[in-house]
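This is the structure, below, for whatever I ask next.
When the chains are written out, they are named A, B and C in that same order, and each has its own residue count from 1.
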Amino acid sequence: MERLSSKDVLRADQFSTEEIDRILETARRYEAALEAGEILDALRGKVLATLFYEPSTRTRLSFEAAMLRLSGRVVSVAEAKSSSAAKGESLHDTIRTVEGYADVIVLRHPQIGAAEEAARATHVPILNAGDGAGQHPTQSLLDLYTIVKEQGTVDGLTVALAGDLKNGRTVHSLADLLADYGIEFVFASPEALRMPNEIVDRLCSKGMPVRETESLTDAIAACDVLYMTRIQRERFDDPREYDRLKDAYILDREMLAGGKESMTIMHPLPRVNEIATDVDGLPGAAYFRQAANGVPIRMALLAMVAG
Amino acid sequence: MERLSSKDVLRADQFSTEEIDRILETARRYEAALEAGEILDALRGKVLATLFYEPSTRTRLSFEAAMLRLSGRVVSVAEAKSSSAAKGESLHDTIRTVEGYADVIVLRHPQIGAAEEAARATHVPILNAGDGAGQHPTQSLLDLYTIVKEQGTVDGLTVALAGDLKNGRTVHSLADLLADYGIEFVFASPEALRMPNEIVDRLCSKGMPVRETESLTDAIAACDVLYMTRIQRERFDDPREYDRLKDAYILDREMLAGGKESMTIMHPLPRVNEIATDVDGLPGAAYFRQAANGVPIRMALLAMVAG
Amino acid sequence: MERLSSKDVLRADQFSTEEIDRILETARRYEAALEAGEILDALRGKVLATLFYEPSTRTRLSFEAAMLRLSGRVVSVAEAKSSSAAKGESLHDTIRTVEGYADVIVLRHPQIGAAEEAARATHVPILNAGDGAGQHPTQSLLDLYTIVKEQGTVDGLTVALAGDLKNGRTVHSLADLLADYGIEFVFASPEALRMPNEIVDRLCSKGMPVRETESLTDAIAACDVLYMTRIQRERFDDPREYDRLKDAYILDREMLAGGKESMTIMHPLPRVNEIATDVDGLPGAAYFRQAANGVPIRMALLAMVAG
């Protein structure tokens, strides 16, 4: 197993495209082995500690399953805030302590920069499982992995990101990650929830075609991949604006009639009502496969930092 | 390992008597192997997810120990309600997600029918670890297993179910399960907490002798197996009625003087005060052995759906 | 693996010095094996149940990691009070139930004597992971192990215990444990938080030299090992007394200038502010190594009761 160039996995933009290729290739290999019923043991004898300062069942289980699928073992703090931190311990001290118990640490924390702070505190690899409004790099990588698996490639695709593009950590990271490939972007959102200028400018400066629209239907007509996110009432200053817009961003079969049959529909989950359940049966409805892709991606990353 | 006829374990009445025989036989074999110090590996490389929407330490630990005793591995959500469900995710979506992480799912949920809903959502086996006032099939099977182990057989026994027979999921399922064997039933309860007519009628229509009594002492005089459950104050409209009756349903050594020496005393646990601790030392006090029997039964079921 | 003379690990003073030597020697061997990358399997096929009636991430993770490092497996109740106990179940019954699932039980409980009560209830080994203001024997052993590792020996050392010596379970147990070695004690605390007379008398009756001081600086000048604990405002009847004293018990680099270069600085963690972070970089700052030493010590104990 070739190591990552960094001790840690902290940000989606820390990887070169070559390194991303290696991660995806490793994930692909692991996924095939699991499907063939092989028992893998790249992390036999290793212990992962999952430290979650806010609950995230999906991410925690996915990391833990990944570790177990490589014959590693897991100790877990599902609600870290109710324990040592409550006694006034700093994140630095918690990490210095847990490094004595584990070979690799997965950290979820509500504060931006927490994972980087943790990584500086220890020689043990830190995997960032979300630091507030900051980064969630394993999500971005599994999103990319899903696009490649579903569409065969990422180059040349038109990718629509839809919903709340202002506040969504997921879509920000994914946009940045895709910017190293030959993508056309469509950003579909209410005016009040537009993709931040900073990100749009960055993409444009890299020569990526970017189109913004308020119409989800327009985005559907154009795209190969539709990445939906949820619009939350509390994000609007004016609740009437929310009421005016909310239905326009609920995806159902009818709206999809105007799109390509080969379209891949993604969502970071959990969904509430932003994708009607009648969409689930479509061949391109990839969101549950996308969630499952978290396991091989996290297997690859765990093996490449702790193997 | 022969598979169950169903993908899932949802209800106590889903099994034919032949299938129950196979489950008990498999449990017996596993129990003997554990006692002989063997390390079993029927589920090596498999991952179980335990999803508990209400806490149940006993049931969760028992399932997890069963999985580990077969060399399987476990990811666990001890308090599922505080996680994705809190973000508005449907049970369907949670199950569709977790199926990407695990080979088999154990679900505890406060709502009747939740396990069946989960089973329909996924191709992964679902084991119902209690769905509110509904079913708890692994409890019924371990109860049956306990009777057979303690008495050598189930046929021809007189089984008394005592306490709150109106609200007790456990006794309802057990009565239905035993109805396929040659049992005489005694139902001992306060009038207000009688076994529902629906169940009594079902047993009678199968030709099972059923006797109802308000007297625990009467039941003790007649039975080979005494299955105690707790009477809770909040179940009574009239608290004076509770005060009048509660002591009559507290089992102690003195009350047992009128019963058979070979009597088996069972309880689903936890107990509060409905069995005096002086009973614990009797050879027939089987309730802690009954709890322990959950492990081989759950090993058998896990192996037969996921092996 | 030679067994302990007792089925359980309940109190720091249950061990003879010969037994302590064996525990430390086993821990040393395990630590060396782990450092050499060996995969140990003394507890393959065994299941540990960790039952924590109050949260203690550090202690729980350390025990669980220890079990996993010996190829054992773990079922865990991180917050036991919210489960069966909430339904009115006695500790006795909980233990009698869990003994059916596990080969060894680690118990953390807020009440003094809880571990001994649990040990009497079951034939399964109980390891006391802290019973309120009572005992925490694995902490005392890892403290001793740390002193030996850091200083090469324990005999002939001057050991200063500092901070709140009145309420600290940790320092009480450690003082008693060290009393069987040739130690000179310095107890540095505010007058209101002095080491209880009972313990001082016991040490004196064993012929141990004991010196008490209010000055942390005095203690530093004399000692080979400085064991810091936290002073909590709520322990003082008079808050002005707290304000007068608190700064005098915050250790920083400047205060250490008057001490030996070879001094070992220990702390049971978590710390809040009682050791300035500028101390962390000193070669003698051993508190994170001390935490890590919990793993080999607990491996040794688990193997010696359940192997």
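In the analysis below, contacts are C-beta pairs under 8 Å (C-beta built on N, C-alpha and C of every residue); 3 or more make two chains touch, one makes a residue touch a chain.
What you see is a predicted model; the values in this text were computed from it and never measured.
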Same vs different contact residues, chain B with chain C, by half of numbers used: different
Rotation angle (°) superposing Cα atoms of chain A on chain B, nearest 5: 120
Separation of chain B from chain C, taking each centre as the mean of its C-alpha atoms, in whole Å: 41
Residues within chain A bordering two or more other chains: 76, 78
In the complex with chain C, residue positions of chain A that touch it: 44-45, 47, 49, 73, 75-78, 80, 82-84, 86-89, 92-94, 96-102
Interface residues, chain C side, partner chain A - complex: 37, 39, 55-58, 61-62, 64-65, 68-69, 74, 76, 78-79, 269-272, 277, 288-289, 291-295
